[in-house]
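Naming follows writing order (A, B and C), and every chain is counted from residue 1.
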Amino acid sequence: MKTSHIRLKTKGNTDIINITPHIEKIVKNEAIQDGILFLQVIGSTAAITTMEYEPGQKKDLKALLEELIPYRSDWAHNFTWGDDNGHSHLRSSFLKTNYFIPVTEGALDLGTWQQVVLIDFDTRVREREIVVKIVSE
Amino acid sequence: MKTSHIRLKTKGNTDIINITPHIEKIVKNEAIQDGILFLQVIGSTAAITTMEYEPGQKKDLKALLEELIPYRSDWAHNFTWGDDNGHSHLRSSFLKTNYFIPVTEGALDLGTWQQVVLIDFDTRVREREIVVKIVSE
Amino acid sequence: MKTSHIRLKTKGNTDIINITPHIEKIVKNEAIQDGILFLQVIGSTAAITTMEYEPGQKKDLKALLEELIPYRSDWAHNFTWGDDNGHSHLRSSFLKTNYFIPVTEGALDLGTWQQVVLIDFDTRVREREIVVKIVSE
(Lines give C-alpha, C1' and ligand atoms only; values in the text may rest on other atoms or scores of the structure.)
Protein backbone atom coordinates (compact mmCIF):
# COMPACT_ATOMS: atom_id res chain seq x y z
CA MET A 1 0.00 0.00 0.00
CA LYS A 2 1.35 3.37 -1.01
CA THR A 3 0.54 6.72 0.55
CA SER A 4 0.47 10.05 -1.24
CA HIS A 5 -0.59 13.51 -0.11
CA ILE A 6 -2.42 16.43 -1.64
CA ARG A 7 -1.65 19.73 0.05
CA LEU A 8 -3.41 22.94 -0.87
CA LYS A 9 -4.47 26.32 0.42
CA THR A 10 -8.14 27.21 0.69
CA LYS A 11 -10.04 30.41 1.31
CA GLY A 12 -12.34 28.69 3.82
CA ASN A 13 -16.01 29.78 4.00
CA THR A 14 -17.23 26.80 1.98
CA ASP A 15 -14.51 27.18 -0.63
CA ILE A 16 -15.13 24.41 -3.19
CA ILE A 17 -11.96 23.20 -4.91
CA ASN A 18 -11.74 20.72 -7.80
CA ILE A 19 -9.06 18.22 -6.74
CA THR A 20 -9.55 15.87 -9.70
CA PRO A 21 -6.34 17.06 -11.45
CA HIS A 22 -4.33 16.32 -8.29
CA ILE A 23 -5.80 12.83 -8.13
CA GLU A 24 -5.16 12.16 -11.81
CA LYS A 25 -1.56 13.18 -11.32
CA ILE A 26 -1.19 10.58 -8.56
CA VAL A 27 -2.71 7.91 -10.80
CA LYS A 28 -0.23 8.82 -13.53
CA ASN A 29 2.83 9.17 -11.30
CA GLU A 30 2.16 5.87 -9.55
CA ALA A 31 1.22 4.20 -12.84
CA ILE A 32 -1.99 2.79 -11.34
CA GLN A 33 -3.89 0.68 -13.82
CA ASP A 34 -6.42 -1.00 -11.59
CA GLY A 35 -7.09 -0.03 -7.99
CA ILE A 36 -8.79 2.26 -5.53
CA LEU A 37 -7.72 5.60 -4.08
CA PHE A 38 -8.85 6.36 -0.54
CA LEU A 39 -8.92 10.06 0.30
CA GLN A 40 -9.18 11.52 3.79
CA VAL A 41 -8.95 15.25 4.49
CA ILE A 42 -7.50 15.86 7.93
CA GLY A 43 -9.66 17.93 10.28
CA SER A 44 -13.27 18.34 11.33
CA THR A 45 -14.36 21.35 9.25
CA ALA A 46 -13.95 20.06 5.67
CA ALA A 47 -15.42 17.39 3.40
CA ILE A 48 -14.84 15.51 0.15
CA THR A 49 -17.58 14.66 -2.36
CA THR A 50 -18.26 14.87 -6.10
CA MET A 51 -20.18 17.34 -8.26
CA GLU A 52 -20.33 18.87 -11.70
CA TYR A 53 -17.81 21.61 -11.16
CA GLU A 54 -19.35 24.61 -12.88
CA PRO A 55 -20.10 28.07 -11.42
CA GLY A 56 -23.89 27.61 -11.24
CA GLN A 57 -23.64 24.29 -9.41
CA LYS A 58 -21.04 25.70 -7.01
CA LYS A 59 -23.35 28.63 -6.26
CA ASP A 60 -26.29 26.27 -5.66
CA LEU A 61 -24.31 24.00 -3.34
CA LYS A 62 -23.15 26.95 -1.25
CA ALA A 63 -26.69 28.37 -1.08
CA LEU A 64 -28.11 24.98 -0.06
CA LEU A 65 -25.53 24.50 2.69
CA GLU A 66 -26.24 27.98 4.02
CA GLU A 67 -29.96 27.20 4.03
CA LEU A 68 -29.78 23.74 5.63
CA ILE A 69 -26.83 24.24 7.99
CA PRO A 70 -26.57 28.02 8.38
CA TYR A 71 -23.90 30.15 9.96
CA ARG A 72 -25.19 31.08 13.38
CA SER A 73 -23.29 32.96 16.04
CA ASP A 74 -25.16 31.03 18.70
CA TRP A 75 -24.29 27.42 17.85
CA ALA A 76 -23.30 25.93 21.24
CA HIS A 77 -19.87 25.01 19.88
CA ASN A 78 -19.04 28.69 19.39
CA PHE A 79 -19.35 29.32 23.13
CA THR A 80 -17.01 26.42 23.93
CA TRP A 81 -14.01 28.09 22.29
CA GLY A 82 -15.21 31.66 21.68
CA ASP A 83 -15.23 30.60 18.05
CA ASP A 84 -17.49 31.14 15.04
CA ASN A 85 -17.22 27.88 13.11
CA GLY A 86 -19.91 25.70 14.70
CA HIS A 87 -21.67 25.45 11.34
CA SER A 88 -18.39 24.42 9.69
CA HIS A 89 -18.15 21.41 11.99
CA LEU A 90 -21.77 20.45 11.38
CA ARG A 91 -21.36 20.59 7.61
CA SER A 92 -18.30 18.36 7.87
CA SER A 93 -20.08 15.77 10.03
CA PHE A 94 -22.91 15.65 7.48
CA LEU A 95 -20.82 15.46 4.30
CA LYS A 96 -17.92 13.52 5.86
CA THR A 97 -14.20 13.92 5.37
CA ASN A 98 -13.48 10.92 3.17
CA TYR A 99 -14.15 9.50 -0.27
CA PHE A 100 -12.86 6.60 -2.35
CA ILE A 101 -12.45 6.46 -6.11
CA PRO A 102 -11.96 3.30 -8.12
CA VAL A 103 -9.48 3.28 -11.02
CA THR A 104 -9.90 1.07 -14.09
CA GLU A 105 -7.44 0.84 -16.98
CA GLY A 106 -5.57 3.85 -15.66
CA ALA A 107 -8.60 6.17 -15.46
CA LEU A 108 -10.74 7.33 -12.54
CA ASP A 109 -14.19 5.73 -12.54
CA LEU A 110 -16.10 9.00 -12.69
CA GLY A 111 -18.76 10.41 -15.00
CA THR A 112 -17.85 12.86 -17.76
CA TRP A 113 -19.11 15.80 -15.71
CA GLN A 114 -18.26 14.40 -12.28
CA GLN A 115 -15.37 15.98 -10.42
CA VAL A 116 -13.99 15.26 -6.95
CA VAL A 117 -14.07 18.32 -4.72
CA LEU A 118 -12.64 19.39 -1.40
CA ILE A 119 -14.97 21.73 0.46
CA ASP A 120 -13.48 23.80 3.25
CA PHE A 121 -16.18 24.98 5.64
CA ASP A 122 -13.88 26.70 8.12
CA THR A 123 -14.23 30.45 8.57
CA ARG A 124 -10.66 31.34 7.67
CA VAL A 125 -7.88 30.63 5.21
CA ARG A 126 -6.47 27.12 5.78
CA GLU A 127 -3.73 24.85 4.54
CA ARG A 128 -5.27 21.43 4.04
CA GLU A 129 -3.76 18.00 3.83
CA ILE A 130 -5.49 15.12 2.11
CA VAL A 131 -4.04 11.67 2.79
CA VAL A 132 -4.36 9.35 -0.23
CA LYS A 133 -3.94 5.63 0.33
CA ILE A 134 -3.52 3.59 -2.82
CA VAL A 135 -4.65 -0.02 -3.05
CA SER A 136 -3.76 -1.47 -6.44
CA GLU A 137 -2.57 -4.47 -8.36
CA MET B 1 -8.31 -6.99 -7.31
CA LYS B 2 -11.31 -7.92 -9.41
CA THR B 3 -13.80 -5.58 -11.02
CA SER B 4 -17.46 -6.30 -11.65
CA HIS B 5 -20.29 -4.13 -12.92
CA ILE B 6 -23.97 -3.70 -12.15
CA ARG B 7 -25.94 -2.19 -15.01
CA LEU B 8 -29.59 -1.25 -14.69
CA LYS B 9 -32.28 1.02 -16.00
CA THR B 10 -33.92 3.56 -13.72
CA LYS B 11 -36.96 5.78 -14.00
CA GLY B 12 -35.05 8.78 -12.61
CA ASN B 13 -36.91 11.26 -10.39
CA THR B 14 -35.47 9.82 -7.17
CA ASP B 15 -36.16 6.26 -8.22
CA ILE B 16 -34.96 4.06 -5.33
CA ILE B 17 -33.76 0.62 -6.41
CA ASN B 18 -32.74 -2.26 -4.15
CA ILE B 19 -29.41 -3.48 -5.54
CA THR B 20 -28.69 -5.98 -2.75
CA PRO B 21 -29.60 -9.00 -4.92
CA HIS B 22 -27.12 -7.83 -7.59
CA ILE B 23 -24.40 -7.52 -4.95
CA GLU B 24 -25.16 -10.92 -3.44
CA LYS B 25 -24.89 -12.44 -6.91
CA ILE B 26 -21.38 -10.99 -7.26
CA VAL B 27 -20.37 -12.38 -3.86
CA LYS B 28 -21.64 -15.80 -4.92
CA ASN B 29 -20.20 -15.77 -8.45
CA GLU B 30 -16.78 -14.62 -7.25
CA ALA B 31 -16.93 -17.00 -4.26
CA ILE B 32 -15.96 -14.21 -1.85
CA GLN B 33 -15.64 -15.46 1.71
CA ASP B 34 -13.94 -12.53 3.37
CA GLY B 35 -13.49 -9.12 1.80
CA ILE B 36 -14.93 -5.76 0.92
CA LEU B 37 -16.96 -4.60 -2.08
CA PHE B 38 -16.46 -1.01 -3.18
CA LEU B 39 -19.36 0.41 -5.18
CA GLN B 40 -19.25 3.58 -7.25
CA VAL B 41 -22.16 4.72 -9.42
CA ILE B 42 -20.87 6.68 -12.40
CA GLY B 43 -22.29 10.20 -12.76
CA SER B 44 -23.19 13.23 -10.67
CA THR B 45 -26.96 12.80 -10.25
CA ALA B 46 -27.19 9.52 -8.33
CA ALA B 47 -26.20 8.07 -4.95
CA ILE B 48 -25.76 4.80 -3.06
CA THR B 49 -26.78 4.27 0.57
CA THR B 50 -28.68 1.77 2.72
CA MET B 51 -32.24 1.67 4.06
CA GLU B 52 -35.02 -0.65 5.07
CA TYR B 53 -36.51 -1.17 1.65
CA GLU B 54 -40.26 -1.05 2.27
CA PRO B 55 -42.86 1.22 0.61
CA GLY B 56 -43.39 3.48 3.63
CA GLN B 57 -39.69 4.14 4.09
CA LYS B 58 -39.24 4.77 0.36
CA LYS B 59 -42.09 7.28 0.46
CA ASP B 60 -40.58 9.02 3.50
CA LEU B 61 -37.11 9.25 1.95
CA LYS B 62 -38.51 10.78 -1.24
CA ALA B 63 -40.61 13.26 0.76
CA LEU B 64 -37.64 14.24 2.91
CA LEU B 65 -35.39 14.81 -0.12
CA GLU B 66 -38.06 16.94 -1.76
CA GLU B 67 -38.37 18.97 1.43
CA LEU B 68 -34.65 19.47 2.12
CA ILE B 69 -33.32 19.68 -1.43
CA PRO B 70 -36.37 20.57 -3.53
CA TYR B 71 -36.87 20.65 -7.25
CA ARG B 72 -36.61 24.29 -8.27
CA SER B 73 -36.65 25.63 -11.79
CA ASP B 74 -34.35 28.45 -10.71
CA TRP B 75 -31.33 26.58 -9.36
CA ALA B 76 -28.39 28.37 -10.99
CA HIS B 77 -27.22 25.10 -12.58
CA ASN B 78 -30.41 24.95 -14.65
CA PHE B 79 -29.49 28.19 -16.40
CA THR B 80 -26.01 26.89 -17.26
CA TRP B 81 -27.35 24.18 -19.55
CA GLY B 82 -31.02 25.08 -19.97
CA ASP B 83 -31.60 22.02 -17.80
CA ASP B 84 -33.92 21.09 -14.93
CA ASN B 85 -31.80 18.78 -12.78
CA GLY B 86 -29.97 21.20 -10.49
CA HIS B 87 -31.60 19.55 -7.47
CA SER B 88 -30.52 16.12 -8.75
CA HIS B 89 -26.88 17.21 -8.63
CA LEU B 90 -27.26 18.66 -5.14
CA ARG B 91 -28.84 15.47 -3.79
CA SER B 92 -25.97 13.46 -5.25
CA SER B 93 -23.31 15.71 -3.70
CA PHE B 94 -25.00 15.34 -0.32
CA LEU B 95 -25.57 11.58 -0.36
CA LYS B 96 -22.48 10.72 -2.43
CA THR B 97 -22.05 8.24 -5.22
CA ASN B 98 -20.14 5.50 -3.40
CA TYR B 99 -20.50 2.92 -0.67
CA PHE B 100 -18.50 -0.04 0.62
CA ILE B 101 -19.81 -3.27 2.08
CA PRO B 102 -17.74 -5.74 4.07
CA VAL B 103 -18.26 -9.48 3.52
CA THR B 104 -17.71 -12.07 6.24
CA GLU B 105 -18.05 -15.84 5.78
CA GLY B 106 -19.60 -15.29 2.38
CA ALA B 107 -22.36 -12.94 3.57
CA LEU B 108 -22.75 -9.16 3.34
CA ASP B 109 -22.28 -7.44 6.70
CA LEU B 110 -25.71 -5.81 6.74
CA GLY B 111 -28.59 -5.80 9.20
CA THR B 112 -31.61 -8.03 8.66
CA TRP B 113 -33.67 -5.11 7.36
CA GLN B 114 -30.81 -3.18 5.77
CA GLN B 115 -30.65 -3.11 1.97
CA VAL B 116 -28.23 -1.34 -0.34
CA VAL B 117 -30.01 1.06 -2.68
CA LEU B 118 -29.17 3.04 -5.78
CA ILE B 119 -31.09 6.32 -5.92
CA ASP B 120 -31.33 8.04 -9.28
CA PHE B 121 -32.09 11.74 -8.84
CA ASP B 122 -31.94 12.68 -12.52
CA THR B 123 -35.12 13.95 -14.14
CA ARG B 124 -35.31 11.33 -16.86
CA VAL B 125 -34.95 7.63 -17.54
CA ARG B 126 -31.31 6.57 -17.28
CA GLU B 127 -29.09 3.54 -17.80
CA ARG B 128 -26.74 3.40 -14.83
CA GLU B 129 -23.43 1.68 -14.35
CA ILE B 130 -22.10 0.78 -10.92
CA VAL B 131 -18.42 -0.19 -10.78
CA VAL B 132 -17.74 -2.81 -8.12
CA LYS B 133 -14.13 -3.34 -7.00
CA ILE B 134 -13.54 -6.46 -4.96
CA VAL B 135 -10.79 -6.67 -2.35
CA SER B 136 -10.69 -10.13 -0.82
CA GLU B 137 -8.55 -12.91 0.50
CA MET C 1 -7.45 -9.18 5.56
CA LYS C 2 -8.30 -9.28 9.24
CA THR C 3 -11.70 -8.65 10.82
CA SER C 4 -12.30 -7.13 14.23
CA HIS C 5 -15.47 -6.04 16.00
CA ILE C 6 -16.51 -3.21 18.25
CA ARG C 7 -19.53 -3.99 20.38
CA LEU C 8 -21.20 -1.44 22.61
CA LYS C 9 -24.44 -0.45 24.24
CA THR C 10 -26.15 2.79 23.31
CA LYS C 11 -29.02 4.78 24.74
CA GLY C 12 -30.54 5.33 21.30
CA ASN C 13 -32.29 8.65 20.57
CA THR C 14 -29.32 10.06 18.64
CA ASP C 15 -26.83 8.94 21.27
CA ILE C 16 -23.41 10.10 20.00
CA ILE C 17 -20.53 7.88 21.14
CA ASN C 18 -16.82 8.52 20.62
CA ILE C 19 -15.45 5.23 19.27
CA THR C 20 -11.92 6.53 18.58
CA PRO C 21 -10.43 4.77 21.63
CA HIS C 22 -11.88 1.45 20.43
CA ILE C 23 -10.34 1.99 17.01
CA GLU C 24 -6.95 2.97 18.44
CA LYS C 25 -6.99 -0.21 20.50
CA ILE C 26 -7.45 -2.27 17.34
CA VAL C 27 -4.57 -0.44 15.64
CA LYS C 28 -2.37 -1.20 18.62
CA ASN C 29 -3.45 -4.80 19.14
CA GLU C 30 -3.04 -5.65 15.46
CA ALA C 31 0.21 -3.65 15.27
CA ILE C 32 -0.97 -1.81 12.17
CA GLN C 33 1.67 0.57 10.86
CA ASP C 34 0.26 1.43 7.46
CA GLY C 35 -3.24 0.58 6.30
CA ILE C 36 -6.93 1.38 6.27
CA LEU C 37 -9.71 0.43 8.69
CA PHE C 38 -13.15 -0.04 7.17
CA LEU C 39 -15.99 0.35 9.67
CA GLN C 40 -19.57 -0.72 9.11
CA VAL C 41 -22.24 -0.51 11.80
CA ILE C 42 -24.84 -3.22 11.30
CA GLY C 43 -28.43 -2.00 10.97
CA SER C 44 -30.45 0.75 9.32
CA THR C 45 -30.91 3.21 12.21
CA ALA C 46 -27.32 4.23 12.98
CA ALA C 47 -24.40 6.03 11.33
CA ILE C 48 -20.66 6.63 11.59
CA THR C 49 -18.97 9.98 10.95
CA THR C 50 -16.41 12.32 12.55
CA MET C 51 -16.72 15.43 14.70
CA GLU C 52 -15.03 17.41 17.42
CA TYR C 53 -16.38 15.50 20.37
CA GLU C 54 -17.24 18.19 22.90
CA PRO C 55 -20.60 18.86 24.63
CA GLY C 56 -21.47 21.99 22.61
CA GLN C 57 -20.84 20.30 19.26
CA LYS C 58 -22.82 17.23 20.35
CA LYS C 59 -25.73 19.46 21.35
CA ASP C 60 -25.58 21.29 18.00
CA LEU C 61 -25.50 18.08 15.97
CA LYS C 62 -28.52 16.69 17.82
CA ALA C 63 -30.42 19.96 17.37
CA LEU C 64 -29.59 20.11 13.67
CA LEU C 65 -30.73 16.52 13.09
CA GLU C 66 -33.98 17.21 14.93
CA GLU C 67 -34.52 20.28 12.77
CA LEU C 68 -33.66 18.74 9.39
CA ILE C 69 -34.98 15.21 9.91
CA PRO C 70 -37.42 15.52 12.81
CA TYR C 71 -39.17 12.92 14.86
CA ARG C 72 -42.67 12.66 13.47
CA SER C 73 -45.29 10.16 14.52
CA ASP C 74 -46.70 10.21 11.00
CA TRP C 75 -43.71 9.13 8.92
CA ALA C 76 -45.15 6.47 6.61
CA HIS C 77 -42.65 3.92 7.93
CA ASN C 78 -44.22 4.12 11.38
CA PHE C 79 -47.52 2.82 10.03
CA THR C 80 -45.82 -0.14 8.34
CA TRP C 81 -44.74 -1.67 11.64
CA GLY C 82 -46.69 0.32 14.24
CA ASP C 83 -43.29 1.77 15.07
CA ASP C 84 -41.91 5.22 15.95
CA ASN C 85 -38.46 5.22 14.37
CA GLY C 86 -39.12 6.42 10.83
CA HIS C 87 -36.88 9.44 11.44
CA SER C 88 -34.13 7.12 12.75
CA HIS C 89 -34.06 5.29 9.42
CA LEU C 90 -34.00 8.54 7.45
CA ARG C 91 -31.09 9.91 9.48
CA SER C 92 -29.15 6.70 8.86
CA SER C 93 -29.77 6.78 5.10
CA PHE C 94 -28.50 10.37 5.00
CA LEU C 95 -25.40 9.94 7.16
CA LYS C 96 -24.69 6.35 6.13
CA THR C 97 -23.56 3.41 8.21
CA ASN C 98 -19.91 3.20 7.15
CA TYR C 99 -16.63 5.06 7.33
CA PHE C 100 -12.98 4.32 6.55
CA ILE C 101 -9.92 5.64 8.35
CA PRO C 102 -6.38 5.52 6.97
CA VAL C 103 -3.50 4.67 9.31
CA THR C 104 0.04 6.00 8.81
CA GLU C 105 3.04 5.12 10.99
CA GLY C 106 0.76 3.47 13.50
CA ALA C 107 -1.57 6.45 14.00
CA LEU C 108 -5.06 7.22 12.68
CA ASP C 109 -5.04 9.92 9.99
CA LEU C 110 -7.36 12.28 11.86
CA GLY C 111 -7.12 15.91 12.93
CA THR C 112 -6.23 16.83 16.50
CA TRP C 113 -9.84 17.57 17.35
CA GLN C 114 -11.41 15.01 15.02
CA GLN C 115 -12.99 11.95 16.61
CA VAL C 116 -14.85 9.04 15.01
CA VAL C 117 -18.39 8.70 16.36
CA LEU C 118 -21.15 6.15 16.25
CA ILE C 119 -24.58 7.80 16.30
CA ASP C 120 -27.53 5.64 17.25
CA PHE C 121 -30.77 7.13 15.96
CA ASP C 122 -33.07 4.35 17.11
CA THR C 123 -35.68 5.18 19.72
CA ARG C 124 -34.58 2.64 22.30
CA VAL C 125 -31.53 1.17 24.01
CA ARG C 126 -29.54 -0.96 21.58
CA GLU C 127 -26.51 -3.24 21.49
CA ARG C 128 -24.55 -2.31 18.39
CA GLU C 129 -21.97 -4.22 16.41
CA ILE C 130 -19.41 -2.47 14.22
CA VAL C 131 -17.53 -4.71 11.80
CA VAL C 132 -13.96 -3.52 11.24
CA LYS C 133 -12.08 -4.84 8.22
CA ILE C 134 -8.36 -4.19 8.24
CA VAL C 135 -6.37 -3.79 5.04
CA SER C 136 -2.69 -3.29 5.84
CA GLU C 137 0.88 -4.01 4.85
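Note that in this section contacts are C-beta pairs under 8 Å (C-beta built on N, C-alpha and C of every residue); 3 or more make two chains touch, one makes a residue touch a chain.
Note that the structure is predicted; figures quoted are calculated from it, not measured.
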| item | value |
| --- | --- |
| Superposing rotation of chain A relative to chain C, computed on C-alpha atoms, to nearest 5° | 120 |
| Copies chain A and chain B touch via same or different residues, half shared test | different |
| Mean-CA-position distance for chain B and chain A (Å) | 20 |
| Residue list for chain B, restricted to those that touch at least two other chains | 68, 94, 96, 100, 135 |
| Interfacial residue positions of chain B with respect to chain C in the complex | 34-36, 49-52, 54-57, 59-61, 63-64, 68, 94-96, 99-102, 104, 109-111, 113-114, 135-137 |
| Contact footprint of chain C on chain A as seen in their complex | 1, 3, 38, 40, 42-44, 68-69, 75-80, 86, 89-90, 92-94, 96-98, 100, 131, 133, 135 |
